[in-house]
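Order as written gives the chain letters A, B, C, D and E; numbering starts at 1 within each chain.
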């Protein structure tokens, strides 16, 4: 209860604000419609009702979005291509695969960087540069390029997720693997521990807080990557495709529904990483 | 037989933005196998730095240093020594048992022997019952004892101990002092021991090295002729007090604010 | 006049996964204004915990504790005390000068006075010349002295000092002991002082609290009738040695492995 | 025998010389067909002499340059590369790698100065990548509309500087910088607010996580709807994009101060703000900079992506999307190159500031951040 | 069966009803073809896909196709089912725009990504500057919907008769409160959805034969869609694996696109071709009159 109450309060505040904003943002268009229909002097209560039930509102009211989510998930068969759950699953699988690739790649690169001077000096600047390449520009080319060699579906999307998510992991892990105090390293030096032992017994555990912070960012970005990739390739479905087609058809409610589902997925994923973090912390004897 | 530690004209300077710090200057010292050498000197005189240099954790700026006739690096690779740091340096994610087992894991002791050694050394420092606690659950002195246990858990011939008993009360200290002496007598280890306690230094050592600061130099080397078997009450004998007085004089001479002291 | 520290049936238990740790049990103690109280006891007996409870850093599980007649929390808010931790706890991003100035900044001393106080206290602990160095550039003892300077830089009426001189050599320790005594005599401060050195405790204190472990209890409170003016050589007087012997007995009684000790 | 080479370096040296020797064998039937290439193969084979003689690392650098030059010269015809010339690519790459390995080894050993030579390594690596790119795209006749060679991109870069500059101003100066500043600041402030109030922490953090997980791509059309077509909507996307990493990292960082460091502040009865400014923010520094660095690249991506959803007809994202549509792929890559340079410089500046501000952290004290 | 991959210019919708119907009704199978239809999207350039070998035939607009040809992708038009342009520019009357003369000083929404050429050719003809300078128009890269008009961010927006115009009608706009500039009616139309292949494949008679059968089956699909708009709309909805296509909208679209397509004649109309090429040349979109950019071998063989 003590955990739910604050969330509920903030949630209520947001929903109230949202409804108010919906009136405000949808009013101009509603006025146009009413004028056109020859309706002047609509009572305010009715007018509010109208702004909350437009077909293509600038800002859909919360209940519209949730009705759409409900209709597109629970009310439909899971395997239906109109089901948001179906599209959510497609995006989720690409996200998870890409995140797994990205985390692995990020850790491997970080390890190479802290252990090899040449890698550090040569790789780091280019890893950074790689992230300044606008992914949406490259994504279609990647999809086209991989399509040309026969790779379609999940893998191109996962690769784009990986491309985005490995970066926070590299940056965080390089910092984390370098975070042990000199005296902690000295201790292992006195045992003449080999590089492998220094890594597993000191650097890796010391880097855990950094790894989890990075993974939280990484998994959220990974989802963005999957969605971006889906925007480049309208066949195959996924939440990105729903966003796109919603946008073409001016279906704001559909856009928001897809957005919310994506955000919900990301929040769940971040929460899962968070619980993993707490579990590992507990196993590592962290102070409660 | 070669000396265990042999320093000749050893110097070490820390570069630093605003003026270099000369931590060791012109240190000459020979330590033979089986000796128990105490280092004593004002804070900041370079005791830790000297121990770290022996352990190949710092590189001398000048002079030569050999350990068992080898370079410090080769000695370190041969796992010639165990080191007790001035700070406990326990790993916060390992419980006490695991912290003590760390060097054993690294040196690939069989699991059963690891457990046995951990049990034995923890008992030696009187920490039985705290095996599963994490460092932050222990008092300062308990942490220090855990770090001593860690260095004793494997059998290095040379022990480098930097103020190991600083945070311990007199009784525990006496206890550990005599345990250490027993261990030393039994195993013929060579021990380098930093302490601030003159009685402790005299009680334990065959040789006491007095250092003075800025730059860190050896001002006196006092050979003790006390017998190898030392009951605790040897500390009241005139021989003992005489050596202690000599150490105190050497120490005072190296101090910058003698005059002020009443 | 109310007592500065008044503990009645004070208890403190640390909850822990595998069995709670009783750090303090049934502690009764009154400290009057102007007293110099030393705490002595085996490692892990709860000395640090007791000081932390006075400082409102731990909350008692049972019993009552008042500081200047207030709750510990109120006393802390009134900045009633200065605390020297067992570890130096210097901030790595501040150089020594800035570390010492930290409480002064927080208590909004004028800049000129800050500079003057920093200079004075650093001189007191003999760290002049190291103002611009960062903590990791100092030896263990130097870090400890910096943290003492930090606690002395502002004028709290109650000083809580947890083994402040543990990492210092005898000469510096003597020097700081007598400086501390002078300060105490001049300012009428109340001082709670944890130490492992029996001579130090006897030399400094008006009252010595002997504690024993598991659970941490006060086993003896020894009032010292030594004069307030204490030259260093008072330590050889019979009165002194008598009190020291009583402390040693109390200490030994509390120890779990008396028998083993030779 | 193996001189001062590590086993790994020796391995690279053998690959380099071996590929060269094999190439020489294939070239022998007609050694005059491509003299520079034959020369390179011969020189690479001769590098086996290092097994017997001291062999300066600069010679490896020279061989790299020679190999790259021979390869680029061989591309002239436009008919692709004969099969055995690919061996030169392998050999030259191995020489390059060997060169940077040895160079960084020499710098670490203090035989060469850090300043100056330290820069050679990333530059060498980058140039090596460019050469490989050039050789592969032209040597294997990759369609230019899929991936143009760097030379074509460079030509575009030179020819269209005014367009590129206008796009840079629109995207980087107008959208990225303000959006980055606002987003990072907002993330930090919310982190502090969240940290300050347990109620907010319990209430806002889960919801904040949720909100910030909104894929920015979906936000972009909405921001355009709300803030109009010009840079304001792009800056808004950048704000949304940079907010989350800062929030997460700052919340973690604000908890980074150790228990005893906090206790010290308690004993001074320091106010919340004093503790914040004098302890928790400095201790959070490494985490905050982590976010600042991640965000410096995210911000640029965000702005560019946002420009895909309606813009005035200027901006890097606009140029990229229209460029792909017009198959002006070399212009697209020129724009990407500008983005990469700007983003790397931005990151570099933040990293420099980090080294200055968090000089005390072990990861900085020990060398590089 | 011969395998062919068709890359559409846009997402699965009734704009491509002929191909989708031909696939669904088995017309391709009847011609012994195994056709894969790839949906497009706002970031997929069909010209790039075919250059990379990801498709055999693409649907694209002639302006984009010719521009790609000059960029080194040798595309050749093999058939032109779309005879007329569906492109329009619409302006709400409250903006005060009633004729081309009113444009200066206004903001016009334009789709880029290869769809901008007809607009620029038109402005070129009107002599209006498009770089935002005095006396010209301000150009906005428009999103692919009618929001910019509804929200007043643009004075005029681009629409297709068969798609966004329908959305505008749904939103309550109509001929009585809109000024409509229809590219076809103004004579400014450039050729839209045509079928293009890579030039070198035309040297292979087997390929040409496959193309011919493909076009024949596709035109059969278009004819079927014209006669059975409801079923065609259903087929489109069924073919869309994103689940976004709505039957009502697709039905509207089928009816609109069949007005632009001549199911009986797949051949390129030379007059329109010449005009398209001239407009592209005038505007500098291409610099040389293209040679061999179309072929009649396929349509001749029908």
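The rule we apply is simple: contacts are C-beta pairs under 8 Å (C-beta built on N, C-alpha and C of every residue); 3 or more make two chains touch, one makes a residue touch a chain.
Remember, predicted model here, so these are calculated numbers, not experimental data.
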Would you pick out the chains that touch subunit A and also touch subunit D? E
Which chains are in contact with both subunit A and subunit C? B, D
Steps needed, at minimum, to get from subunit B to subunit E via touching chains? 2
Considering A-B alongside A-E, which chain pair is linked by more C-beta pairs in contact? A-E
Please name the chain that ends up farthest from subunit C once chain centres are defined by their CA atoms averaged. E
Report back the single chain whose CA centre is most distant from the CA centre of subunit B. E
Centroid spacing, where centroids are CA-atom means, of subunit C and subunit E in whole angstrom: 85
When centres are defined as mean Cα positions, the distance from subunit B to subunit D in whole Å is 48
Chain centre separation in whole Å, for subunit C relative to subunit B (CA means): 26
Could you please state the distance in Å, as a whole number, between where the Cα atoms of subunit C are centred and where those of subunit D are centred? 53
Multi-chain contacts in subunit A: which residues touch at least two other chains? 58, 136, 140-141, 144-145, 148, 181-182, 231, 247, 287
Would you please write down the residue numbers of subunit C that are in contact with two or more other chains? 87, 136
Find every residue in subunit D that makes contact with two or more other chains and list them. 146, 221, 225, 259, 308, 321, 324, 361, 365
What are all the touching pairs of chains? A-B, A-D, A-E, B-C, C-D, D-E
What residues of subunit B sit close enough to touch subunit C in their complex? 14, 16, 18, 21, 40-44, 48, 86-87, 126, 132-133, 137-142, 144-145, 163, 166-175, 178, 196-198, 231-232, 248, 251-252, 255-257, 260-262
Which residues of subunit C touch subunit D once you look at their complex with the stated criterion? 52, 55-57, 76-79, 81-83, 85, 87, 89, 91-93, 102-103, 105-107, 134, 136
Across the complex, what residues on subunit A touch subunit B? 181, 183-184, 186-193, 197, 201-202, 205-206, 208, 284-287
Using the touch definition from the top, list the residues of subunit D that touch subunit E in their complex. 143-146, 221, 224-225, 228-229, 307-313, 318, 321-322, 324-329
Across the complex, what residues on subunit D touch subunit C? 258, 260-261, 263-271, 274, 278-279, 282, 285, 358-361, 365
